[in-house]
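Just below is one structure, and these are the notes that go with it.
Letters A, B, C, D and E mark the chains as written, and numbering starts fresh at 1 in each.
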Amino acid sequence: MPESPLIPLVGTIDKITSETAASDIKTFQVSFDDPAVMDNFNYQSGQCAMLSMFGVGESMISITSTPTRKGVIEFCIKKTGRVTDAIHEAVAGQKLGIRGPYGNHFPLEMMKGKNLLFIGGGFALAPLRSLINNVLDNRKEYGRIDIVYGARSPGDLCFKYELFENWTKYENTGVHVTVDRGDDKWTGPVGFVPPYLESLNPSAKDSVAITCGPPIMIKMVLQSLSKLGFADDQVVTTLEMKMQCGVGKCGRCNVGGKYVCVDGPVFTLTQLKQLPPEF
Amino acid sequence: MLMTIAPDNLKNLLDKLARDRLLVAPSMEDGVTRLKPVHSAAEIAFDYSNTATSIKDFLFPQSEDLLRFVTDGTLSIEEIKPERAQVAFGLRPCDLASVALMDKVLLGGEFSDAHYQTRRNNTLLIGLACENPADTCFCTTYGYNPGWAGAADVMLYKDGDKYLAEALTDKGRELVGGPGEGLFKPADEAAGEAVKKAYAEKDVPFGKEVDVQGIDKILDGFFYDQYWDDISKKCIGCGTCTYVCPTCHCFLLTDEARGGQGLRFRCWDSCMFANYTKMASGANPRPTKKERVRQRFMHKLNYYPNRYGGSYLCTGCGRCVAMCPVGLHIAGVIKDVKGVKAHA
Amino acid sequence: MSVNEKAAQAAGAATGPSTVAAATPAPEGWEPKIIGFACNWCTYAGADLAGTSRIQYPPNIRVIRVPCSGRINPQFVVRAFQRGADGVLVAGCHPGDCHYSTGNYFARRRYLLATRFIEYLGVEPERLEVRWISGSEGQKFADTVRELTEKIRALGPQRRLRETL
Amino acid sequence: MSAIFTDHQAALRDEVRKLLTDGTIKGFIGYARGRDSYHPAPAIVTRPDQVDGLILDQFCIFGLTKYLLDYIFEDGKMGIVAKGCDSLALQRLITDHRVSRDKVHVIGLPCAGVINAEKVAQLGLGNVQKVTDKGASFLVEGDKGSRELAKTEYLWDKCLWCEHHNPAVADSKLGPEVENVAMKPRDYSDIEAMENLPPAEKAAYWTRQFSRCIRCYACRNVCPACNCRECVFDIADPRWVGNTVKLSEQQMFHFTRAWHVAGRCVDCGECERVCPMELPLMKLQHKLQKDIVKLFGNPKPFEPSEVEVLGQFRATEDPEEFM
Amino acid sequence: MRRVGVFVCWCGSNIAGMVDIEQVKAAAAKMPNVVYVEDNKYTCSEPGQAAIQKAIKEQNLDRVVVAACSPRMHENTFRRTVSGAGLNAYLLEIANIREHCSWVHPDKAAGTKKAVDLVRRAVYKVAKNVPLQRASIDVTKKALVIGGGIAGIQAALDIADAGQPVVIVEKTPSIGGHMAQLDKTFPTLDCSACILTPKMVDAAQNQNITLMTWSEVEKVEGYIGNFTVTIRKKARHIDTTKCTGCGICWSKCPAKLPSEFDLGLGQRKAIYVPFPQAIPNKPVIDEKNCIYFKTGKCKACQIFCPAGAIAFDQKDELIEEKFGAIIVATGYEQWDPSPYGEYGYGRYKDVITGLEFERLVNASGPTEGKIKRPSDGKIPKDVVIIQCVGSRDEAKGIPYCSKTCCMYSAKHAILLDEKIHAHPYVFYMDVRTPGKGYEEFYKRATEEHHATYIRGRVSKVYQKGDKLVCLGEDTLLGKKVAVEADMVILASAMVHQPAASKLAQTLGISYDQNHFYTEAHAKLRPVETNTAGIFLAGACQGPKDIPETVAQASAAASKAIGLLSKAKLETEPLVAQVNEGICSGCLWCKPICPYKAIDGKVIKERIAGGKTIERTVASVNASLCQGCGACTVACRTGAMNVLGFTNEHILAEVDALCL
């Protein structure tokens, strides 16, 4: 093992799944080349890892697989910059560097026995997917589960196999998918997530809402949740910041006194409201 | 135990040290006295108020190779370790104090920065108390003083025609007993203590002007103040303050590769740079100078003490006071914030 | 390099020898590495002509084809030196013959200034050669490369701007 | 000789107060007291109540025009005080289409030279109380002593050969124009001396200088010719200059910066003045300037013109060395 | 990860004999992104190309490197090859291992090493290549010819004959130009009007030609295939639809003025046609000199016009029209030799220019073809012709040779002898007769017509009685000569039109220090300008005689026809491109562009805080840009790039070659 936490370990991209019609979002299944490392790689839903494309750089990516399914590590990555562009160009079998896991995780203990309301938009279903599969794998420990998800168009929906096949199979679990604009084949709801969420009118009682999405959507979703009666400590979300080290040293991902890489990325709305609005 | 060492012996010792390790010392070149690697004591400046750059350059260098990679078909990674022993001479109390502040960040928490740790272990720190604090010095503001030994392994105090010396760590004692054998003489303890006391009580005029007491608490409620908008306007967004600061430690990682192999470096970064927090998507949570200037001072005077308990992320070395091209520095901010608070 | 300088580099510190470094002899088997930037219409064609005419010249030059000498940013030249080129040839059409009518006039101004500036920074002036070589001057291309190669062979490796990974 | 800047301080404050009050400008870029009496700092005021913080004294050297870039996308005008050299910098920004003339209200400050505070601060005169222009010298009176300082020795170098004492761009002027003569001719003898060194010595000199650079970018950020929307050094792809402070990258950085400013430098000297590591950066620009004068017959390459010196050519008159 | 295929060509033994192909292949296989390597005996042969296409499909290649001969040889061949296999044509790079390697380096080891480097360069470069598309633009099927002299007329006729509409814009009231002023033409001595006027009539009658005389080009916008031209149709004060050209008006007009057409040797009226054969044969009213315009009284023309065609209240009209091609045929002016004080031009009435002599000798000229002295009407006996007046005299600002003077001076000598048996003396510096039949013509002047040629310059002309004494030196004999002449003809230089530079700026074409328009390439593109779609004909490009002018006019016409016959224009995609995100809008790139392809444009953008701002960025007109890349070097931030030769490309190539 390297001494420095900044040194990644060698891994391999085992499988690449294109999520969207435009192929701008792909899911990469990776493994560490050292089996011992693979065995000992323990993470929680909500945590991230730093992926390296050597010669280009590193990028912090949330882990989209669930720790309940050992042996599978997946990252869902959107093309947004130099590093993610390079990852998108990769082919199966290609090597990359991985270090982590980093950051805190979704507060599973607080969710136990509660009704869970997942609200995601676009590519930000990635961190939620880890948690959703995590709780579904322990289905009995939770109350009703509702997954509200939206994307710009049917082609932009991620994890269709989860949304329309896997998750709907579970009992007492609702999957509600909307798109901003439909197409010829789309028969589901059309509209933005926040009004759609309000129209579903989920109960705030004994519930925890977990939301991830683009900043503008989050802002509206939080307002909707408040209207629906969710208190701040019933709402959990994640933050995205520019990161370099991932280990609380390099100093750039702070929001006020909190470092998103080690103190986040998961925050309750109560915590978030204590932070300055620099995110 | 207190000792003395004659200037010639000190030079001999430094020459001896330069032979088998990197000797870093204040040296004047083209009118600038800074800490730099020197070949012999002859290159060292002994008469200076403070160096333009700090010990940070050698414990946490501006750019540092972290790993070497080969991507020729497969991928292999080799960690690069900073193994060379170095000795830094002539460190002022402000720099010696800064090391402890940096330790908290880089060595504390869940992850320890191995490169920094290795350099810390491999570096012998020789302090030199301040004879003439500059008019930009304000270490006393934070409770340090011109004789503060901080992280020094050996502390020296100029005492007339000789130096009073005190070995403070095992490493320091090894120096005195090893390469320094025969060069140090025992000192009169009482007289020595008096010298130390005199240094500790030496007047630092600017330090009296800057009262930091309670600023961390004031700043808790100061985030939204108009003040940040007002002062940030004159910032030109350069990295001078952060790069000469002995406690600023922001960095970025960057790769350089050619022909199937390359290096990953760590380089200093500056929260004053516009792109510092700009994400790949183009979004930037600190888009204007106001947020960036506020971040820097909030970090030093509020976030850091809150996170690491007590001390501020500043030692009053005065480098930013002297070098900021637009006179926007931490001492001024402390004075202003307390003034604004007083008026409020 | 002294222990201290080596150590200084290892320390990653921005240091350099404060005295003139003694000329280090060229390593065994060293061959000058020369990067040529040649405009497509004249010099590149001239080099082609040297080929079709079988005019021999030293194999030390490697040519990068660009549309016009006006395209050759002096920063490319410095970058080549950084990456370890021992010499650089910048070449284009004779004044008045530019395929794009004026590109080489701009190039001339830029390189009148840049050659002097690069020299001023301590690079031996012989290492950067700017020449107008037309499409019919295969011989001149070969001669230029031969002379440049010999000059650089005499100077030894370029270390001034070089940086190795 | 002319009045000193301090004599215009009250007039400046009055005018700024008026301009802010009547809405002509929405902010004013001037000077305020800095860390001591030798180092006035830039100050940007937006409210009439801040105006009394503005100062003018014979140490006001900082070229303020670059701040205008912060306001190009905002409504309304900014006011600014500009000496002759600053007005060249302003012209630079205008000629580069970065600042629109009609969005700036310039209060011109005729200037017979600014005192080099770095030199005077060494003299131990204490807090400066008063400066008087004595013709060939300034009398500087501090609370710890006073000295009469010869202008030829204590002005900034650029002031000695300055031929732009009066602002070329101004909406109003503080005081009468001053005689526009250089105290000494512009002289490139230091550049010539450097040119005459053998390559190895030049290399050694620049190696020593550049290895001191900390890449803080103060030079770039203060330079009125470095006014790109996105600087090449901040662009990751392609990366022209690496982030590391290895000597090679330092040299590439300084070569590139000097080259980008070549023929566009207004000779304000701010890069060199603000450099915390005291790199002789103007030695780079003066070399380029000197060659531009000699090669292209452009006697004043530091005066912004409609066509850049490297953006034009003379087919037959330009020297031909590459045949 | 790219999928690059490398194809190493043997070129028979041309490459394989001097470069170790196996070593090159082995090295290439290890280069980044390379997934497939193959060698071929002749890659450019059909089997070689088929092998590339097969590999592209089977190996799923997305980039191709061919290591073979010079890209100047087969780049287009291989572009077609890869696009034939469904790959974008620009995802190809060539490593020149023949001309730049195997043919010049006899040392096989060193040559092989270099070949590997050259392949690596191409591999690194091709990784940065992106698919590029040729754009196509529409072509307005109409040509504009500026200038109605012989060049313009010829060009217009050729274009019209090819079936394309064409507009001639002529600033004077009639087409015809200088050729209409000439009497005979060398070397055949046929009458200028006899060969010109039929062409003028053809032009007037051709369905495809629209004449716009008394008109000038005011503004030109757009680019090749799509020029929008504003033409000022100056007020003629004649309703040309009514006017029959009967001539009553100008016979009744009381205002007499010197005739421009006759160079002041004859007169015209304030309402006039410049010469009898003018086309159109419709007069114009000279507003400045018309008594009605000056005093509000007269109207003689209006009173007598049987057609009621006089229209005093006519105003200038601005007409905007679209054109696909422009031919500039604005001709020349004869230089006013007054600066030669020693020749007494302007002081002595009998010192005249060559062109003035043409009017004197012309049957429809002011003297009806009788060669009479302007001073007293006497028939001259001895006539001195001075050559190189202005031409080849840098002191007078004309460094060049006017090319036609030697020949027309010989012509004048012949005419003097033929018509009035006067004795011609010709002072010359050199006699230049390069042209078919020219030397023979000159010989005729000296041998058959006994012209005395004296090599030397005339230093002074002075009056002595009614004679003009020409003092000079015969440099061949080395002695001073004085010729007492009755008349002196100055073979004055051909110079640019006074407004040549203004028109050049309007058109966006360049001109040289003598204000003649600059061709795109002195040898290879002599009738094109650097602005695509604008061509040159005649003396506006430099002094020319009639045969050369006509030849160039036809050449320009054929270029224009070629352009207009295309339905769409394909533009080369290797052009400059702006990264608007980082462009500062300083526009220092703009003056560097030889094609005026760069201009500023305003874009809107949302900035932090949600505000929308407007800012200027550089914008490249891909139809005008030729891809030279000079602009890229002026761009400090790197916002300006040339596709195919981007900064990223070149930096990668440097990296590759320096490894």
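Simple rule for what comes next: a contact is a pair of C-beta atoms (placed from the backbone, for glycine too) under 8 Å apart; a residue touches a chain by one contact, two chains touch by 3 or more.
Not measured: the values here are computed from a predicted model.
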## Note on the structure
Joint neighbours (chain C and chain D) are B, E
### Task
Give the fewest steps needed to get from chain A to chain C, where each step moves from one chain to a chain it touches.
2
### Query
Where centres are the averaged C-alpha coordinates, which chain has the largest centre distance to chain A?
E
### Task
Could you compare the number of C-beta pairs in contact for B-E with that for C-E and name the larger?
C-E
### Task
Provide the C-alpha centroid distance between chain A and chain E, rounded to the nearest whole angstrom.
65
### Query
What whole-number Å value describes the gap between the mean CA coordinates of chain B and chain C?
42
### Summary
Between chain D and chain E, the Cα-mean centres are separated in Å by 47
### Message
Suppose each chain is reduced to the average of its Cα coordinates; what separation in Å results between chain A and chain D?
### Response
51
### Task
Spell out, as numbers or ranges, the residues of chain C touching 2 or more other chains.
12, 14-15, 18, 74, 79, 83, 96, 102, 106, 110
### Query
In chain B, which residues are in touch with two or more of the other chains?
29, 62-63, 71, 252, 254, 256-258, 262
### Query
Residues of chain A touching 2+ other chains?
82
### Contact footprint of chain A on chain B as seen in their complex
66-67, 69, 71, 74-77, 79, 81, 105-106, 109-115, 118, 223, 249-257, 262, 264, 266, 269, 271, 276-281, 283, 285-286, 291, 295, 298-299, 302-303, 306-307
#### Entry: Complex contact set, residues of chain A against chain B
2-10, 52, 54-59, 80-84, 95-97, 215, 240-242, 244-245, 247-257, 262, 276, 278-279
### Message
Using the touch definition from the top, list the residues of chain B that touch chain E in their complex.
### Response
71-73, 258-260, 284, 287-288
#### Entry: Residue ranges of chain B touching chain C (in the complex, touch as defined)
18-24, 29, 36-39, 57-58, 61-65, 82-84, 86, 256-258, 261-263
#### Entry: Complex contact set, residues of chain E against chain B
30, 32, 608-609, 655-656, 658-659
